[in-house]
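Read through the structures below before going on.
Next, two complexes with chain A in common: one pairs it with chain B, the other with chain C.
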Partner chain A sequence: MTQAKQTTNVFSPWLNRDNKPLIKFENITKKFGDFTAVENFNLEIYEKEFFALLGSSGGGKSTVLRMLAGFEQPTSGKIWLDGEEISNTPPNERPINMMFQSYALFPHLNVWDNIAFGLKRTKKRMASSDIKARVEEMLRLTQLEKFASRKPHQISGGQRQRVALARSLAREPRLLLLDEPLGALDKKLRQETQFELMDIQEKTGTTFVIVTHDQEEAMTMASRVAVMDNGKLLQVDTPNNVYEAPNSTYVANFIGDINIIEGEAKIDAEGLLSIHYSETAAPIQTENTNNQIHDGQSVSFAVRPEKIWIAKEQDVSLPNNVKGLIVDIAYLGNLSIYHIKLESGQVISAQMTNILRTGQQEFTWDDEVWLNWNDTAGIVLTR
Partner chain B sequence: MNIRRFTLIFTPYFWLIALFLIPFIIVFKISLSDPALAIPPYTPNFDLSGGWSAIGTFFSQLDFENYEFLLTDDLYWKSYLTSIKIAFFSTVFTLIVAFPIAYGIAKAPLHLRPMLMMLIILPFWTSFLIRVYSWIGILANEGILNNFLLWIGIIDQPLRLINTNIAVYIGIVYTYLPFMILPIYANLEKMDSSLIEAAEDLGCSRIGAFWSITLPMAKSGIVAGCMLVFIPAIGEFVIPSLLGGSSTNMIGKVLWGEFFSNRDWPVASSVAVVLLAILMIPIILFQRHQQKENMNE
Partner chain C sequence: MNNRSLSWFNTTSLVLGFAFLYLPMLILIIYSFNSSKLVTVWAGFSTKWYGELFQDEQFMQAAWVTLKVGFFSATAATVLGTMAAYALVRTKKFTGRALFSGMIFAPLVMPEVITGLSLLLLFIAIDLDRGILTITLAHITFSMCFVSVVVSSRLTSFDKSLEEAALDLGCTPFDAFKSVVLPIIMPAVASGWLLAFTLSLDDLVIASFTAGPSSTTLPIKIYSSIRLGVSPQINALSTIMIGIVTVFVITASIISKQSIKKYESEKIRANL
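On to the complex of A and B.
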């Protein structure tokens, strides 16, 4: 009973096979001349999701967004919206709006007219009183009431960002696309705006698809994250799963910091997995979560720095104990990052939270320490 | 104030005083004088040797009768009107021709733009006079255009183009085209292409986006281009006298006639002063527009 209640509380429409996706990419390939920007792309996005496309620049995520908006047509494959094919529908006939990276505010129109622009161009003509009401609602939502008569160049960057958001939301799109929406803001404002965006998304119930290269941004806001590289989709999952269970070393490296140790997998008679990475060091003991690993395969063991415990003494209660020397310390205030050189030569980074406010840090340069971690701390990757 | 700053600030003023204000005062003074069979061909002449009384008589001899004369003969105000009309329509035609060219260059691939710009500016390397003359060769009854049209059989009689207003329009549009293209291009080129995409995204068709975004954004370029064409076109003398007929009485031609054929410098000067006054109107409007634009930026 309690179990069932929990699953309905958490927003995860992608888990239910009966749910129809709002957007469906079907074998989409996009080529610009010889260059393949997006290759054999399949993805389903559900209603009310806050979906993030994450990847380094040139990875194809912007092309995906532009195909959704209608600025680019796929070379092959189909895009569906609500079960209707929209692959070649022009942008002005899609119930989709976009917030541009440059905001693309019309410089000759004031804030009010910028927001009203799309409302004056709806298929079914809106009454001017309705337009007025809608613009005012948008101004309230984005707290821009005071700036309605200003021109875009007379307001700050953060305000411009909100005008762009209000303008793209005004037409009540089925889907809102956001191209690096926070890219032009400074760090502090960016963090505030992240929460504002989530708030607005929840209030309006609009489906958001956001393109970003900032993994923190994607992790903070998104219900699901798609990691792209070289025009290919590498992994689509919740931020938690992408972080804790990356499916490739690229994803593992792209999202947060991680230690990757390459070695050979050995599976003993009881089915326990160990990874031999050095002739002298003891093999790494780890849980076997990936059934496809066979004995003798070369694999990568990936473990996040915060999951490694640094101790002065060996802790035999944990399955993994490795001795090393501290070569570098980065003090970040809330935590410190230690770089520890193992006897086998690898440099491992480990994180410790700085719990004590006063007193000496426990470890310093050239200290000999033991790194301990559990057999569930890391993940074994085959690609 | 140090010498350097003084020189820097004074140089443009000196330029204006020496090359605009003083000549203007001289022209204005001549326009208030009477014609005379003398060298220079007007009276009175400014003479300091006669003392205060001579200066007094000098000023008493100046009057506005040349300006009154301009009102009595309809040749003058008709010529002003013709000039304004021709300048206005040529500006419109130039805009119609120039806008697509400027738009095309602004949308051309980046590596082609300098070459296309070069092609626009290239005609300036040849003397303006020679280029206008060559239009006579093109537009004449036995000219290239008529021969070509006769040859392909569109017409069986040569078109009368030379010595008509059509030829004047062609000449002005051709000559002033770059002055229209350059400011519009400068405007369109710096326009962010995502603005058009945003307009389409918000429900505009391609054409709708052009009217509601591209055109308003290019407004200041269009205004600047129109002024750069309209102002010199009003006073244009060479094009109407070479390509226009005897019926094309533009004020530049009238002015030239007064000066060189009639040797009536005072009337010619007053024609020039009135022309300047007429031109002040668009120039002031232009300045105001520019100021408003600057305030907006």
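On to the complex of A and C.
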């Protein structure tokens, strides 16, 4: 889905240096007492982006969002919106709206009045006919026409989520912040709502910044993902690049499954890179994409389970072949995950798609198999 | 809960306990309907003392004073108590916060004689003539902390993101309080008002310290007429007061109980 979007309509404003960012964080640090929640944070977000802040809880992503909304002020540094500094502007004076994790719908107001709440408080007073038209438009957009007169406790969780979205979009914000917007929904509804959100984002052309701890959610919806840990920004890139070219073992581990093999880098006379990880096993042959690596450096080789090919035989057409024993199999329906113990002691996880519906599984416990992968399958990480 | 009936022991202790609590009042209510002028001799049912009570100019005057004091002090105490509760629950930590919150609740346990005396000294010091105004001020002082206890217990369970949402949607902090916080905590504020009103209605000690000659409240009036002997009129008056207080207290507790129930059920639904 995301891939298709990228190839048909190349949306990458961050690549063009002439583009002015909508939001700019400049050396932002936020401390709560002795605790540093966000440290030296620099980030640019462009108009019409669907931007995801991803990280484990306590990683500082919610603080970043709350600083954008105006509920927290940075301890040092500046936040810019459209070239205007907003670091200390109170929340009611920012053209930014937020959808809260708890939805924060006003329980004493019905759906209609919840959506109209912000419209009645615009800087330039809106005519009541305009408010009515706007609320109706929002109700149509979120398919809530039938529930306009219901109170929040009289509708379902999914409908409440849509009311919260409609309410925060009603004021046509320059930027919409979404704090774990799908956290309270069950898995099926969450997947449907992901596509709904993407659809609404495209229709309204609003810039979205979403905070989530769910990497799948971020990968599905976002144009770019920022991975945070311990208040620091680790990597900002497209979902594709974050997955295929993580810049650190933390990012590699956080997003999807990955095998990490630690070893020593050797660069031969022709500039080819190999990684020695065991005295008995042959070194791993891999592309040298990182020019920073020098001969003899200790590095981590990271390779995703789906990029390893399991076979009964050694596949000599591929540069890497290792023998091992199957110790575990997890059957997930669409695919199976095999844990294979190498002769050097490492356990490697490899994935095979179950393309045949019937017939015996090809491999079973304690089978001796060969793991084969290409020199482009993995990536070499130095931190 | 099963339908097991109460044991012999439990029934007895329950009866004794309730008798201890309510027998005096029951006797007072019964004798208010006595037709005899002698309080201790039953001479048949009559409501004539109620009639006489409403004819009595002095009692009516005292009732009017009491109602005025009750209404104004309860209203002012509700405004101040709500503000204090909001400040204590909502503001971030500030120096002396623990001291401040302790001081708000101290009058709850302060002996009334001391509160009354200190207020009296204050009014004399600032040369304020004692009358309805001073009783009202005194009642605000001690009923405000009851209001703030009731309101702050509601505010602590109040979802802070509702306020943030209001700010986010363009409200000034005051507008957010007025259009979001206040409507939601209204049941607690209302039961705080009823509580303050009841307290003011009941108070004898503080009122007698702060009252002037022109401002006798009902409790003061009852107390001073008792010295001249118990009259059936007083019984009638006391019965009416018991009735009013009962209605107010029950209303206050129903309001707060229902709002808690509603809030809980909304929370349960929200988590479904």
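General observations
Simple rule for what comes next: the second predicted complex is superposed on the first by the 374 of 383 C-alpha atoms of A that agree within 3 Å, B and C clash if a C-alpha of one lies under 4 Å from a C-alpha of the other, contacts with A are read in each partner's own complex, and residues count from 1 in each chain.
The rule we apply is simple: contacts are C-beta pairs under 8 Å (C-beta built on N, C-alpha and C of every residue); 3 or more make two chains touch, one makes a residue touch a chain.
Keep in mind that this is a model prediction, so the values were computed, not measured.
Per the definitions stated earlier, placing chain B and chain C onto a shared chain A by superposition produces a clash between them.
By the touch criterion defined above, A:298 lies against neither chain B nor chain C after alignment on the C-alpha atoms of chain A. Legend: residue contacts after superposition of the two complexes on their common chain; A:27 is shown touching neither chain B nor chain C. In the superposition on chain A, contact is made by A:118 with both chain B and chain C.
In the superposition on chain A, A:102 makes contact with both chain B and chain C. Contacts of A:73 after superposition: neither chain B nor chain C is touched. Of the two partner chains placed around the shared chain by superposition, neither chain B nor chain C is touched by A:240. When both complexes are overlaid on chain A, the residue A:88 reaches neither chain B nor chain C.
By the touch criterion defined above, A:157 reaches chain C but does not reach chain B. Once the two complexes are overlaid on chain A, the chain A residues touched by chain B in the first and by chain C in the second are 69-71, 90-92, 96-98, 100-102, 104, 106-108, 117-118, 121-123, 153, 167-168, 171. Every residue of chain A that touches chain B in the complex is listed here, in rising order: 69-71, 90-92, 96-98, 100-102, 104, 106-108, 117-118, 121-123, 151, 153, 167-168, 171. The residues of chain A lying in touch with chain C in their complex are 69-71, 90-92, 96-98, 100-102, 104, 106-108, 117-118, 121-123, 152-153, 156-157, 160, 167-168, 171. Chain B contributes residues 192, 194-195, 197-205, 208, 212-213, 216-217, 219, 296-297 to its touches with chain A in the complex. Chain C contributes residues 159, 161-162, 164-172, 175, 179-180, 183-184, 265-266, 269-270, 272 to its touches with chain A in the complex.
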